[in-house]
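Each of the two complexes below includes chain A, the first together with chain B, the second together with chain C.
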Partner chain A sequence: MSERNQATHGLTRRAVMSSGLAVAAAAPFAGAAAAASRAIPETWDEDVDVVVIGTGFAGLAAAHEAAKAGASVALLEKMRVPGGNSIISGGVIAAPGSPMQAERGIEDSADALYDDMLAAGLDLNHRALARLVAEKALETVMWSIEELGAEYDGLSHLGGHAVPRSYALAAGSGAGLVVPQLARLEEMGIEPRTRTLLKRLVRDGDGRVKGVEVHEGFSHPDLDSGTPRAIRAARGVVLATGGFGGDPAFRALQDPRLGGELDTTNHPGATSEALREALNIGCVLIQPSWIQLGPWTSPDERGFGMAPTFVQGATASYGLWVATETGERFVNELADRKTRADAIIRTGNRAIAFVDAAGWRKGMGGNAGERRQRMKETGVLMEYDSLDEMAAAHDIPAERLKETVERFNAAVAAGEDEAWGRYLPQDIAPIDEPPFYAVRLAPKIHHTMGGVAIDTEAHALDVSTGEPIPGLFAAGEVTGGVHGASRLGSCAYADCLIFGRIAGRNAAAMEPWS
Partner chain B sequence: MSERNQATHGLTRRAVMSSGLAVAAAAPFAGAAAAASRAIPETWDEDVDVVVIGTGFAGLAAAHEAAKAGASVALLEKMRVPGGNSIISGGVIAAPGSPMQAERGIEDSADALYDDMLAAGLDLNHRALARLVAEKALETVMWSIEELGAEYDGLSHLGGHAVPRSYALAAGSGAGLVVPQLARLEEMGIEPRTRTLLKRLVRDGDGRVKGVEVHEGFSHPDLDSGTPRAIRAARGVVLATGGFGGDPAFRALQDPRLGGELDTTNHPGATSEALREALNIGCVLIQPSWIQLGPWTSPDERGFGMAPTFVQGATASYGLWVATETGERFVNELADRKTRADAIIRTGNRAIAFVDAAGWRKGMGGNAGERRQRMKETGVLMEYDSLDEMAAAHDIPAERLKETVERFNAAVAAGEDEAWGRYLPQDIAPIDEPPFYAVRLAPKIHHTMGGVAIDTEAHALDVSTGEPIPGLFAAGEVTGGVHGASRLGSCAYADCLIFGRIAGRNAAAMEPWS
Partner chain C sequence: MAGPGRGSRIAVVGLMLCLGAAAPASAGDGPTISGGTACPARAGQPAWVRQSAVPQPGRDFAIGAWAGAQADLLQVANAATPEASEAVTADCRGCHEGDAVLPPDHVATDAMGMDGCRACHDGTQASDLSGLIHLDHTHYLAGVSCAACHGEADPPKEPDTAVCETCHGSLETLARLTADVAPVNPHDSPHGTPYAECSLCHLQHRRSEDFCATCHDFGFDPP
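Here is the complex of A and B:
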């Protein structure tokens, strides 16, 4: 096969092998679910209007809107703490056409975001869902400020976005949104019921989902632990249980390269049992083999870690990514996640991201000194007094590395990155001020694009008919279609909040069954 | 985005738009399935050991082995005639390390086929399943000769295979295998029961599949037509119902580009209702968004048509494919299907495949004159006295087309295609003998790689547990995992026959339930 044809594969076999990605055999899922049965419980232990399962952005937004509409809400969380992947996420939310963009003279629109989503998604996005996210993203950020009091303090440029358009939470992570969401819910009298595992979605013979069976006092990951309890949902159930990025067996079924012990940015509860129960009662699974690797992670720490903020925030806009074997750039550092992760894997995960001292200041802002100290202590961040020293440390051909930097500095002077077409911010400067800071790159599993099919009203669709399953709504990473083959950074917030709110409102508006 | 990054996408949005691929909205599925219910029928109308659903290669092979093991078999087919997509398929079956290869001095092995399968499959293949197909392919061809009397008369080189390794049925299509399969079954007293639609897989509360509910006298595509009948399967049920390439609504859910009225090579019965019923009773859907486009089809005829035999058999080995806008080659004409289909789409479906008179003779063999006449009459095949005439007819820059041919002829003389790395057969010659024969290219939907998860014993796996569903087996295109992202030509035969035989044997070997 010619090199050109190999390139169209995105990710060649040899590249995968040399990168150390695992190849897993199919394995039984951890902990058997309940035996398939669609019987209604003889008695319900509790009766509410709306059951919301999951306490990430989507579940919290759904509970919020359902309660606001007057519904009684049971908000369930299987882990010991609420927040799921949301609370540990990067803290940026796409907002095209925002006031912060206007201040900086950046033109943008919902259409431009939609175009970027479809380009990254390889056009596999469900059009109506992606369109809704693009169009409601800005008003959703404004809602988070007005309704929740969320605080943003910067405008970020994430990969695959044509322009800087992502509002950065002042807290520096998703906690900056989850904490205000929880506080508002508490004002409304709703507290997450932690350690409560979904065991069964109760779907009656008439097709309607009428409640849930759970285990209270669940101790992750023992799916048999806890005490059974049946909760009747008079109006509706909202499934907001997140993705399966932390579930090697289910990942391996959909992409055998991604099983085993491959590291993930996800929290330990990001497993598939709730999704599989949804499939078991008739939801439609779509696009499950599109599993996203984050390109900005480091092999020198576990999980999401501290690298991504530096790699994305500093090196992608003000620095360079180079393959250590060649000393050359190998991708547009601001390309979408899949493009960049595939490119890193093709180097055999032998690549670094680096920036000079000026780039560090611009990209890391505020309390950067403290962060630098912590990153250096853990060994994630390396500091060098010269490019020669950095080259020696990573076995990079020093002359070629310096040529690469010179070429990029010439592009900066010319105002255009002809080689890779990277967006150059107004405050970019030549890379020449020591010390230099570097992180090694190794992609980790980050987001599962596939999930249950929904419509624009957040109805979960039935595999037999393609029509909504009465009483069942879904939002967030447990759903599929919004992002197609690859999600853009900062679009998960919009996705989760928008469909979570729709799901909560629509569940509360259902006629109670009797 | 740079050109280099675009290339990694395989298929860019602009390319898709300009190629006329459809973008469909989600739509309800045609004809609602029965309301979800797992109740056992009060009475069974009939009692057999094994029920086989579908009469393509896989279903026929399953029925054959089950009957041979002494089981009574009900062999069901929803259409008016048996054979599914198999009977209209191209008639070639991979056989690495075969006698025909030895005669021609071609070295090959199961390992080499396995490597090719994984390269085309982008490494998404389930390793154990692909390995089994590669290792049993040769013996399965021999079995088809010895047990069925199948007749082969040539060795074909299909795209993505390192060497010519595919046995070509003398009949020129899959009928050359389906007809002997049906004849053997008739000898064993088994006849397909046509116009019999699967409505429900009966899965009991104990988890075992115990029979089926069907409609006899079904009239495609009216899913409510026909008369209900319940068939008890004392030992097992084999699902061999094929892919969903002919189902725009389900295709569009998994890949929104591929909905609508996009043409397909599939027969009209290649719809999703049996797959969706399998999901409804707890099978696991894997990798459903990988839907293969055949690269060798023509927009000047409907369906599979006559073009593929010429495009693959003659032009890919002895001719050239050129983009009409540039007059240049744009892909290795012997690359795997996905690589080639993506490349054609990137030209905006403005590409032709052509060969000279010598290439026609070598590639088309036997009764080629008659076939040429038929293809010309329908307008699929065009004949030109010179490259200039061909260029004028297709609006190709004539000088560049002639340069392209000269460059390739130089490669032929040198014995190596440096530009694209194409395999050059021993009998290749310069392209210079008029007349020239050309076909316009436009990919059509051909094979759905995704489907229900199975293990190497053809057990269908349960979405709750990942373990086999007792009493349910699956084989052929309704399953997923064997081919990963893209199936190699001539590997469907091996896949269907190998897993069909395993499924039939294992279903017959189950202990009867009572």
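Here is the complex of A and C:
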């Protein structure tokens, strides 16, 4: 605890404020606060300028900007490790109009990204938010290089994007950003306080969020574990607690088909209690039933696993996806996630994604041999010497499979995929070099597009007034609106970093309350 | 002297964390860790804590990559253990009065240090003790005191990974030792340094757990 914090330890609060009735009467214009205000703690155990909850991209970016602006910051994380979904994520971030695209002669722009986001999002995107993400994506990637020292070593083409435009972190996962984010914070004297659960947001009768109640020494998933503690936030609170993809009960409330045993790519802390607490104090929940399934996961391993890199990186650009029952393609392998996941489900999850040896080499890049070995050992990747062998192993009509491959090879020769309109990269070649590599497909819960409503300044909005809740900011997957019905790959990084930075800056700039 | 009295031993064992043991580079062909300097964690400890027996050299640990790696890891830690004189001993029944912690026909352990246990429990002849005794016991019996890991802080706090590294070698060294473990190297997570904290898996005062298993089916059973 800093000296400053010690000095204010034990601040007391006027008793009158702890009476809900008195509060309501005293603050007629406080939005939902009148109904939702909480007893202000009798004493605060600690006092900081800004409390940031969550240590993914959004929370770390918020803490970074708040600290840079001179604010004292308490950075809270309920799990034993920082990083949430961010640190286990796939490592690609959208950068339209980038230097790497220019090197390859690919033309692109923020407008083109925005159009793709809205197309995938079925136009349900909150346009001002989506536009901000599209416009700031490139500068945010550059900021991550210049200010964080992040390293990128590839340009990926993800589904639903018109062109290859996603920068791939050299680290191969989101750790390539989270680790340098944590390092910058450490330099500024901020360390994440792990095993610290946000229990309650303290919103006063005057409408302002003034602090948080937490449980220290929390042991996931026991929400009653740990020791209560109250932290006063003189300037603001940033809610950056991520999505609820790992919360089957809350998922099922939003989309009854998606509860229960369905596997998820998310970390185990991707649960809804912080979001529900935000609703308790008057936030608005928007678009929560748009829950994204990742179309590139395998039933032969748990979670995100190793399949997606192969399915997206190799098979979607250089190989094919076929339904095992028919031996035929059933979707544009580079379509947006929803289109593809829905199509796989329509096959009854009886579909495989495969490439030939040449496709493997092009799509998997460095370390490919080691990765192949691991994937084979875990049983997620299968290798076949011929298409006949692959057909037999998956009960695919062999002749039809071979016809499908021949038709696609003719399309490659013609330079156009007439059947499905798939983008063909410059280095694509016919699928004919054994061995063939295949993964079975089964979509898993991946991203929750819905969440609390915010404006372009990352203010959390009040459910009664639609106005900003003073003192409360939200950023990242806990918010809704940017992505509409379906998030495009590599757009979450941009969303989280952009709004995290805005939230941190704006929280630090609030007038302290007294 | 054979160690503290029983009452204090129970307290001691209950507070321990992390293996201390550095010093000379490893014997034979085993991997080398930063040799030469004494384990700082041991400085200022009484003789019975600072010193315990050296391992028997030249054991054959060739039963698969995992066992091999575990044996290498043990060798690193053991080889780094200072010269023997008075060892902490495994008077198991002395503390676990009435509990059947040893099979009835087990050889007498009263005079053994951890090296004595390992003479049989080396993963080739009998169980390697993983999961059977908590790591605080392993550390204690190798002569590592509570303060060696926890320092003097009261109440004791969880030590940083750096404390473990002073005796066990760097994370890079550990990753090299387990490079061939299937299906993936447990010491080389692609998720970065926050996922490389020793204490995520290697718990001291209760049974260790496979942290990877929150998301993956690697089937690790960490010691």
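General observations
We take it that the second predicted complex is superposed on the first by the 477 of 514 C-alpha atoms of A that agree within 3 Å, B and C clash if a C-alpha of one lies under 4 Å from a C-alpha of the other, contacts with A are read in each partner's own complex, and residues count from 1 in each chain.
Keep this in mind: a contact is a pair of C-beta atoms (placed from the backbone, for glycine too) under 8 Å apart; a residue touches a chain by one contact, two chains touch by 3 or more.
Everything numeric in this text was worked out from a predicted model, so none of it was measured.
In the overlay built on the shared chain, the residue A:L279 is in contact with chain B alone; chain C does not reach it.
Of the two partner chains, chain C is the only one that A:V81 touches; chain B does not reach it.
By the document's definition of touching, of the two partners only chain B reaches A:N332; chain C does not.
In the superposition on chain A, A:T271 contacts neither chain B nor chain C. Of the two partner chains placed by superposition, only chain B is touched by A:Q287; chain C is not. In the superposition on chain A, contact of A:R203 is made with chain B only, not with chain C.
Of the two partners chain B and chain C, more residues of chain A are touched by B. Contacts of A:R257 after superposition on the shared chain: chain B is touched, whereas chain C is not. In the superposed pair of complexes, A:V463 makes contact with chain B only, with no contact to chain C. No residue of chain A is contacted both by chain B in one complex and by chain C in the other. Only residues 1-2, 4-5, 7-13, 16, 23, 25-29, 32-38, 118-119, 122-128, 203, 205-207, 249, 253-257, 276-277, 279-282, 284-290, 331-332, 335, 339, 342-343, 419-421, 450, 453, 455, 461, 463-467, 481 of chain B touch chain A when the two sit together in their complex. The touching residues of chain A, counted against chain C in their complex, run 80-83, 87-88, 171-173, 175-176, 178-179, 182, 267-268, 301-305, 374, 377-378. By the touch criterion given at the top, residues 182-184, 190-195, 197, 200, 214-217 of chain C touch chain A in their complex.
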